[in-house]
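Each of the next two complexes has chain A plus one more chain, namely chain B in the first and chain C in the second.
Presenting the complex of A and B:
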């Protein structure tokens, strides 16, 4: 059985787990190609107008993949930790795709909701495994192997490797420059080279060491966010806030770039929260928001990045002299 | 004497500046781009050469503006910088502790927020040109007052008229209405200045903290009515630098001067580059489904530069 996984959204978080799990159960995993102009156009034509760019791109991946597979894996990921949720769009993702006016293969969409406890969570795992085998032991083993794989993937990130390198298993030495920039935002925006217009590579070419939120361990994030005025109830955004204030506290970055997608509800709140909180705590590290949508031109990004990097190098240069 | 050349090619104007070693402006040219950036640079260089004192030698060249890469190839730039850096460098050179730069040009307007010498935030207008020079140009024509006298008229206003500034179409019908009602020209003109400033502050400067010192530059800074409207709206003094309309080019020249300090010799091709026949052409790359449009610049059979691709395939180093 060929299971299609769209190379979008939570692929960037959990693909090592999914791939291992499906292969262990004898399925063939088919991944859509990296985002390109065609996928973007397919997505923007098919998607609801109000959704954010990464969700539109998810649609594009689904459509580009639908005729090549027997089933599409589109889980409904509601909550991945107690007391917090994921983005509302993830909750409705399988329904949004089913509502499309195109012929689709079977959609495998188990619900994962850790707020309901581990028992319910594993019930979903068995349900998902049940598509491929009736052997419960095999499902448990496959899931365990998947978790181990996810663990080693996350360890690579915590060791300072970039997510795209860890996913591909190919590593390149980090640039040796003095400047360090923290790039935060959703991994499906930052590490989709088409959406982010090669943001990270552009920075690296300028000799900048890039840090991302995935490199900061969960315990560190949790410790940081307990100091905030209000509890953050979106897991993925919490990671962003935690990383930013960890870097600010540790003085480990010279500047921060926040990549937001236009029409992203959580991003729009978190950006203001970060700016406000950083100001209140008296940090002066420059934070530059970059908002992207399907109409974003490269010229605008290039000009902003150049200006940001120039100004930081000038600042570091003047402090030195 | 050694001079440093700065070239700023924007959508409306092409500006060239030569500064000396003490960063004083020796000569400058402000001319229209007229949609032909290559010609504008070549003719600008020719005119600039006439203005330069004898015996000056160009020791470094820098380009900026939306045609910075193109003009960089043509003049042989030591440094090619974005217009935000160039404007920020020029402003902070002239007013070292500047914290806000308001820049309004012919078709774009931007704001640069600096803190401790670092541009921490900036914004540019997107699709609407309602808050820019061409908007004022158009309205000046409508009222029949030359744009050069606009500022002087605006300052005479006692009771400015309320003009809708969010769009030229609304502004125009508002202005006709006010004229028919019998308002004085100066009150309408200053009302227009206030509406432009309101538009700028609401759209471009939205959510930003505008702290003094504030520097106002770009072609529109010539208009004293706009300066006054900014000062009233922001309740603080606004500084207009002497060479406000060529600040981008000054920034590029300053950056060029800085760059050649660490460089054995300049890449500047000399003023004779004005006579070279540069050819540009474009094609679609069929390498992948991105179908990037690639642009190339040639002299004779030699390809000087290619750009536009998402991958590095067509780049020439």
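Presenting the complex of A and C:
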């Protein structure tokens, strides 16, 4: 059985787990190709126009993949930790895709909700495994193997490797420059090279060491966000806020670039938290938000990056002298 | 301490009644206007949802008028609304306002904290007295909504243009004076009969349109260009998916709308099988219900970038294909103009009439 996984959204978080799980159960995993103009156009045509860019891209991947596979894997990931949700869009994603007016293969969409506890979570795992085998033991083993794979993937990130390198399993030496820039935002925006217009590579070419939110360990994030007056109820945004707060606190970066996609709900509010915190610290670490959508142009990004990097090198230079 | 709060439809009437019962000082911010929206847009993040922008404008106007405390409700997500209070607090402080922020989180998360906040709002009253005040105030709030529901349903029959709106004002004035439970009960009956006072012509067979969507833009006529009045005066029978008390109510039953949350979720199931925060699933469920009840069309209202409603909007085409019910989606934000909305409404009404005529000619 060929299972299609769209190379978008939570692919960037959990693909090592999914891939291992499916192939252990004897399924063939088919990934859509990296985002390109065609996929973007397919997505923008199919999706409602108010939908945010990453979800439009997801639509594009689904449509480009649908005729090549026997089933599409579009899980409904409601919650990945107790007391918090993912983004509402992830809660409705399978239904949004099913409402498309095109012929779709079977859609495998188990609901994962850790808010309901581990028991319900594993029930969903069995349900998912049940598509491929009736052997409970095999499902458990496959899932365990997947979790191990995910663990080693996340360890690579914590060791300071970039997400796309860890996913591909090919590593390049980090640039030797003095400047360190933290790039935060959703991994499906930053590491989709088409959406982010090679943001990270552009910085690296200038000899800048790039840090991302994935490199900050969970414990550090959880500890630092306890300082917030109100607990953030979006897990992925909590990671972003936690990373920024950690960097601001430890002064471990010279500047922060914050990538948001236009019309992203949670991003619009945590932007306030981040800017408020930076203001409290007297803007000692410069922050630049970059808002992207399907109309973003490369020239605009390049100009802003150059200005930001110039400003930072001047700042760091004057501090050293 | 002088409290202020954001506007939302008749919320000011409900809260001023409650605060007077609690002997708490309060200031009602000026009615939502272009100035309010401009203030909010200036301070709020660019693509925050529209209600956040407007409520920030309300709070600024309230604080400028002399309030020194803000009362808001919280939430546990995943809709952005749950984080409003936190963000409003940060934005207003960054803008240089000094005030106390009282955020009522749902009592199910932390009952002690909830009671503490209640005491803060009404320091002169005991918890029992607060409970009693809320209980009586609630009755009045439900009555206000019942009157509103009746206005929506009967405006299309009015003989003289604008009569129903005038009677609505009168009815609210009657309710406003009621204080004790007995008085509220009497005022409710009187207010409902006041609405009947407008001359009606029940001969015509009006178009039936259901209105669904995000509660804030549904409830706040200043923001939705009062489209309910516009449609009613065009002779259209209206029903709405949510009323103020339905939204506040913790119970799953909706006292004014009637349908329980479970029934609505069940209707939505084939199209949106999981809740998505806010009214996303309810919107879908209500569209299905309206289609089943033989409504001619549905209008969905949502603020720009509203996540749950966008999900609902994304599955609506499927409902349209399967149940053959036309849905007009209106997205509202600070850039929306009245003329644009009216043009689209007129076109929608024309479409519904021609659809009905077609149906009749097939039957005949």
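Everything below uses one rule, namely that the second predicted complex is superposed on the first by the 318 of 321 C-alpha atoms of A that agree within 3 Å, B and C clash if a C-alpha of one lies under 4 Å from a C-alpha of the other, contacts with A are read in each partner's own complex, and residues count from 1 in each chain.
Going forward, a contact is a pair of C-beta atoms (placed from the backbone, for glycine too) under 8 Å apart; a residue touches a chain by one contact, two chains touch by 3 or more.
Note that the structure is predicted; figures quoted are calculated from it, not measured.
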Combined model on chain A where chain B meets chain C, clash or fit: fit
Just to be sure I read the superposition right, which of the two partners does A:306 touch: chain B = first, chain C = second, or both, or neither? first
Pick one for A:263: touches chain B only (first), chain C only (second), both, or neither. second
Touching A:30 in the superposition: chain B (first), chain C (second), both, neither? neither
If we overlay the two complexes on their shared chain A, which of chain B and chain C does A:225 touch? Say first, second, both or neither. neither
Which holds for A:198: it touches chain B only (first), chain C only (second), both, or neither? first
Any idea whether chain B or chain C touches more of chain A? C
Quick check for you: in the superposed arrangement, does A:174 touch first (chain B), second (chain C), both or neither? neither
So, does A:125 touch the first partner chain B, the second partner chain C, both, or neither? neither
May I ask you to decide whether A:88 touches chain B, chain C, both, or neither, giving the answer as first, second, both or neither? second
Distance of closest approach, chain C and chain B, by C-alpha atoms in Å: 6
In the complex, chain C touches chain A at residues 45-49, 52, 74, 76-80, 82-83, 85-87, 89-91, 94, 103, 271-278, 280, 304-308, 310-311, 313-318, 321, 331
Give the list of chain B residues in touch with chain A in this complex. 66, 81-85, 88-89, 114-122, 124, 288-291, 310
Once bound in the complex, which stretches of chain A touch chain B? 36-38, 194, 197-198, 284, 286-288, 298-300, 302-304, 306-308, 310-312, 314-315, 318
Name, in rising order, each residue of chain A that touches chain C in their complex. 47-48, 50-51, 76, 78, 84-89, 91-92, 95-96, 98-99, 101, 111, 228-230, 232-234, 262-266, 268-269, 271-273, 276, 279, 291
